[in-house]
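Two complexes are shown next, each including chain A; its partner changes from chain B in the first to chain C in the second.
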Partner chain A sequence: MADKSKDVSSIYSPIANMNLRTKTLLTIGLTVFILVAVVITSLFINSADITTNFNAMNQPPSFEHLFGTDWMGRDMFTRTMKGLGLSVQIGAGASILSSIIAIILAFVGSINSKLDSFIAWLVDLFLSVPHILLIILISIGLGGGAFGVTMGVALTHWTSLTRILRAEIKQINTSEFVKLSQRFGKSKIWIAKKHILPLVITQIIVGTILIFPHAIMHEASVTFLGFGLSPHEPAIGVILSESMKYLATGNWWLALFPGLALLIIVLLFDIAGENIKKMLDPTSANE
Partner chain B sequence: MELKATNISFKYPSAKKYLLKDVNLELDNNKIIGLIGDSGSGKSTLCKILSGYVAKFEGSVTFDGQPLPTKGFKPVQLIYQHPEKVMNPKWKMEKVLAESWDVTDEALKEFGIQKSWLTRFPQELSGGELQRFSVLRSLNPNTKFLIADEMTTMLDAITQVQILESVLKIVKERKMGFLLVSHDMDLVETICDDKIYLKDINGV
Partner chain C sequence: MDTKYIIGIIAILLIAIIGGAMFLGGGSSVQRADNELVVAAYSHGGEPETGFDPILGWNYYSEPLIQSTLLKVNRNLDYENDLATSWKANDNFTEYTVKLRDDVKFTDNSTLDAEDVAFTFNEAKATGASLDLSSMDNATAVDNTTVKFDLNKKDSTFVDKFAYIGIVPSDSYNNETYGSNPVGSGPFKFVQWDKGQQVILEKNPDYYGKQPEFNKLTILFEQNEAALNAARNKEVDVAAVPMQYANETVDGYNMVLMDTIDVRGLTLPTEPNTGKTTEDGSPMGNNITADKAVREALNYGINRTAIAEGALNGVGVPTSDGVPHLLPWYNKEAQIQDADVDKAKKLLSDAGWKDTDGDGIVEKDGVKASLNVYYPSNAPERQAIAVALGEQAKEFGIEINATGSNWDEMGSHKWTDPIVFGYGSTDPSTIFSKYHSSQIETGNYAMLNDSAVDAHIDKAMGESREASYDDWKAASWDGKTGFSAKGDAPWLWVGEIKYGYFVDDSLDISEDTALIQPHGGDIFGNILDWSRTSSIEESK
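Right, the complex of A and B next:
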């Protein structure tokens, strides 16, 4: 009797019955949906609409103001959403630039062995300098602002993907089908384009998505420290550094919710990246 | 046409002893030669040297009096024992074939390749089916000399005969050179005009 009821419940419980692939797809769909929703929402928020309202200053969270209001009566939920949208946009710019750098370096290395040693040295060099320091230097050097931070983050986050791609390409280059391709008279560039690129495209996609969380966190930190986006931008880093001044007066919600929201966004990217990796990885394909 | 190996000596970097020592060999397109040797005696290694696959060895290999070209299409092509290793797992078979040459419908038919196989991936074909592709692919019009290294060892007797007959037909039509490497005496006896034992020409 007990066994029977257990059977029935497992048949009718859709989540228990899903295979790993469906679960992975669902997780990806959900995370991507939330991230896209955040960006779209933020695009609809006009910075001018975040008006000061001196009748509603320093209000703790309520149903009217989910994240409370700040010292000028601005709704913190709206500010946070706008800030998250900006974070994701800068994260996207920096991640894509980073992975373009990684792809170019990895492929140049696969075609020319002298340049490959130089690239290996460059990766080690960049890994030996603390990221945050380098980002600040590059950001200041390029005049700060959105451009400076994006470049700073982009120019420091290509190292791990470059490493992965170099190792992967090296292995493909030793395969028999690449050697045979050379015997058919195909050039190194032809082989890189037709054989290697399609075989590493998974690593490129996953690698790019996994740079996102780092890019977003580093942008926020640098901005928080005052070396990134200008204080007029509605960035999370700006919100957090402003909030620090009001923490002492007991306005805990000013930092807590924007900080938490940033953390969630970062986690979502991580989850999306890991799940996309799982889905694209052929070794786990038939689960 | 003539494929000539002069005083070939070779040792793998990881090995202590020479695998091949002062090997001399002259092959042409008038006779089909079978190369026989025990497993591990260095047949595959010699094939790789003859086809320019291995570059670091002592001695010389010439094709029609010239050293083997290092660039462009290689006139001496090698057919491998394991066809799945020489095919990109993400490529469909039509792309695999087209990488070498525009194979004619006639040639597809000659090798018993069904049109429906062309849109499949290598993992979706059997060893015998894959080997047909591997052989046909090596028969680019610019191939002058074909070396088959145990190419049919993994196949059943019927498939083995079918593939070999098709290859020999084209080899004779195009007046190509052909070297069959095998440890199967019967096969060499039936197909080849002459046979060479590796241990007779290897001076180790």
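Right, the complex of A and C next:
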């Protein structure tokens, strides 16, 4: 019986017949599709349209309100989608900014050894301070709001990527072809552009995508703690911290669904990131 | 970037939330005896930061428990003698003389005399941390039982101050240590303050008035959901909860909704922003609300009844001039018929506000009728008001962007943007500080400058309390103008709230004698009448 079903699945299931490359591509396609769908949906939700309805306060999940309603009768499904969209946008802004910072610092570090040790020191400095503290400080310093949170996350998440790039660049700089170009009198910028960048572009893309989950988590944590966004705005952290007040009255759906949704989004980014890494850097697929 | 690490963080977050809720529920259990009280009800302002020092702000608006006051307010909002045996003012209310009882002792066994009363008032004026005593020049002890108060202007509302501030002993008072080790002459004696947790008081056997039925009073500083959970776990006799929990049921407890004179409303700055600032440099004025048509449209267009039923959980009472209906100077004539969207639209279009770009929001001279409304993030009912108002105002073309904030941040917006304030006092002089043109830099954030309103207020300040009621009413609406929505409409008042308490079934808090609570008031006004009608039921 068991053998037969296995045979059937291997013959008829298209997934089982795929090779690793196709599977990887499919996974990337699916995850990216879901993420894009979430962002597009959230863009179509206007915050002002998430209206209160005091006749439908604190309702448990139903077909009308998939995620239930909150203490002002607002539909939690729309709020959660809007919040996820906001999280992904903040995540995108922060990861791209982080990567840009990381690239600049890594290349600046390759100019000479003094700058290099300065950047190593800077990385160590930022890593030694807890992220969440720095994010709170920076976002308050920049006046709060979505901008403050994005900048706070961006200015703290460049460290690990900088480290990786710095190591890569160092390694590439010792290679024969770079030495050869140097002897031919090519400028440092030419070498950076023609020799180094093509070799580290994979790291940059994968690194940027893998900053996403962290950025989103930190955005949620900061807003959960009440920094950055107003308590009526639909951000996942805000929704979760508000839900705490109503767990005491048995409104479990206020925490469960937005929490799960956040978990799924973060996992999707992670899966997408890992698979893109496999595609761009085939050696890692065999690990 | 390990997946497990990320899942771990989220799992911890979720567990923390749910676990946190459970932990709040499973907090320390407090043993209660029938002759002791445990309450989680000093919660409108939370734990007093500066301790139990009336001069620095401890309960200067309500029953101070540890200290006693010259007068006490009663259920009908009249004043009764407490430490005082009699008081009188001169004809133009610039000089007050109070006679004191001679049999009152502080808990450190020293005698309370005129010296202590004068000291308390002078010190409170010098510190300026609690009561507004700006009309007082100084207080002097004439003899052991007579205190004289000299004022710098006519102020018939000065009598209200007698009921507000607990008297401290002048000999041993030290503003640094008194707060954490207070000595007073009230019905309860201070025992111990566990910061962040509770304060323990016990019966003062030497109290000159009626003795409380309870030997010990423990006030837990648990608020909101923590207070609700304390009731759920049967740890407390009384738990004050926000109105969002008013419709909850807790086994063995009664939900008691107390009348208050606590109102919520928004300032609508009446002056345009011309770059002027206050002395401290805060900007002043708002170009949109400076147009009276906008202020009137808001006042007539919104639906206060809907907000009272929705945002205020069905226990709110609509008000359109901010004077609660329980006060003797409530003016029925000043109330308006609201929820009139057509009238609001007409008011706006008559004044030249038109929607030219089709976004549903009106404009005039290129200025969009878009207001930033600030509310303190920690007050859910104010958040609900701001959000609900935004939805209503959109119907007649005014955009309201609700912004959650804190008082430090809102400080610089007080004169420029609408802020959801809470007010309510048995002292009519709050009308003076909110609407008199001389108070623009201090409390008249709407910058109302109306000589007719000023005249009514000035007249009321020079009359006896009873006689002044009509003038306070006239300040709100005198048939021509006033500070109500019918007149200058400098505020958008929304509604009165109620305070909700879960009270243990075994406890009788004597609702008939309960005092009407002002903004930030407490439930202890009639604690001497509280009694235990049956034994406390053990929790299951």
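Here is the rule we use: the second predicted complex is superposed on the first by the 271 of 287 C-alpha atoms of A that agree within 3 Å, B and C clash if a C-alpha of one lies under 4 Å from a C-alpha of the other, contacts with A are read in each partner's own complex, and residues count from 1 in each chain.
Please note the rule applied: a residue touches a chain if its C-beta (ideal position, glycine included) is under 8 Å from a C-beta of that chain, and two chains touch if they have at least 3 such contacts.
As the structure is a prediction and not an experimental result, all values here were calculated from the model.
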Is this a clash or a fit when chain B and chain C both end up on chain A? fit
Per the overlay, which chain contacts more chain A residues, chain B or chain C? C
Using the superposition on chain A described above, determine whether A:176 touches chain B (first), chain C (second), both, or neither. first
Applying the touch criterion given at the start, work out whether A:210 contacts chain B, chain C, both or neither, answering first, second, both or neither. second
After overlaying the two complexes, what is the shortest C-alpha distance between chain B and chain C, in Å? 28
So the chain A residues that chain B and chain C both touch are none
Within their complex, chain C touches chain A through residues 1, 3, 6-7, 9-10, 13-14, 17-18, 20-21, 24-25, 224-225, 228-229, 232, 244-245, 248, 306, 309-311, 377, 380, 383-384, 386-388, 390-391, 394, 402-405
Can you list the residues on chain A that touch chain B in the complex? 175-177, 179-181, 183-186, 194-195, 198-199
Residues of chain B defined as touching chain A within the complex: 51-53, 71-74, 77-78, 80, 85-88, 90, 99-100, 140
Residue ranges of chain A touching chain C (in the complex, touch as defined): 48, 51-52, 54-55, 71-73, 160, 210, 213-214, 217, 220-221, 224, 226, 229-233, 240, 243-249, 255-256, 259, 262-263, 266-267, 270-271, 273-274
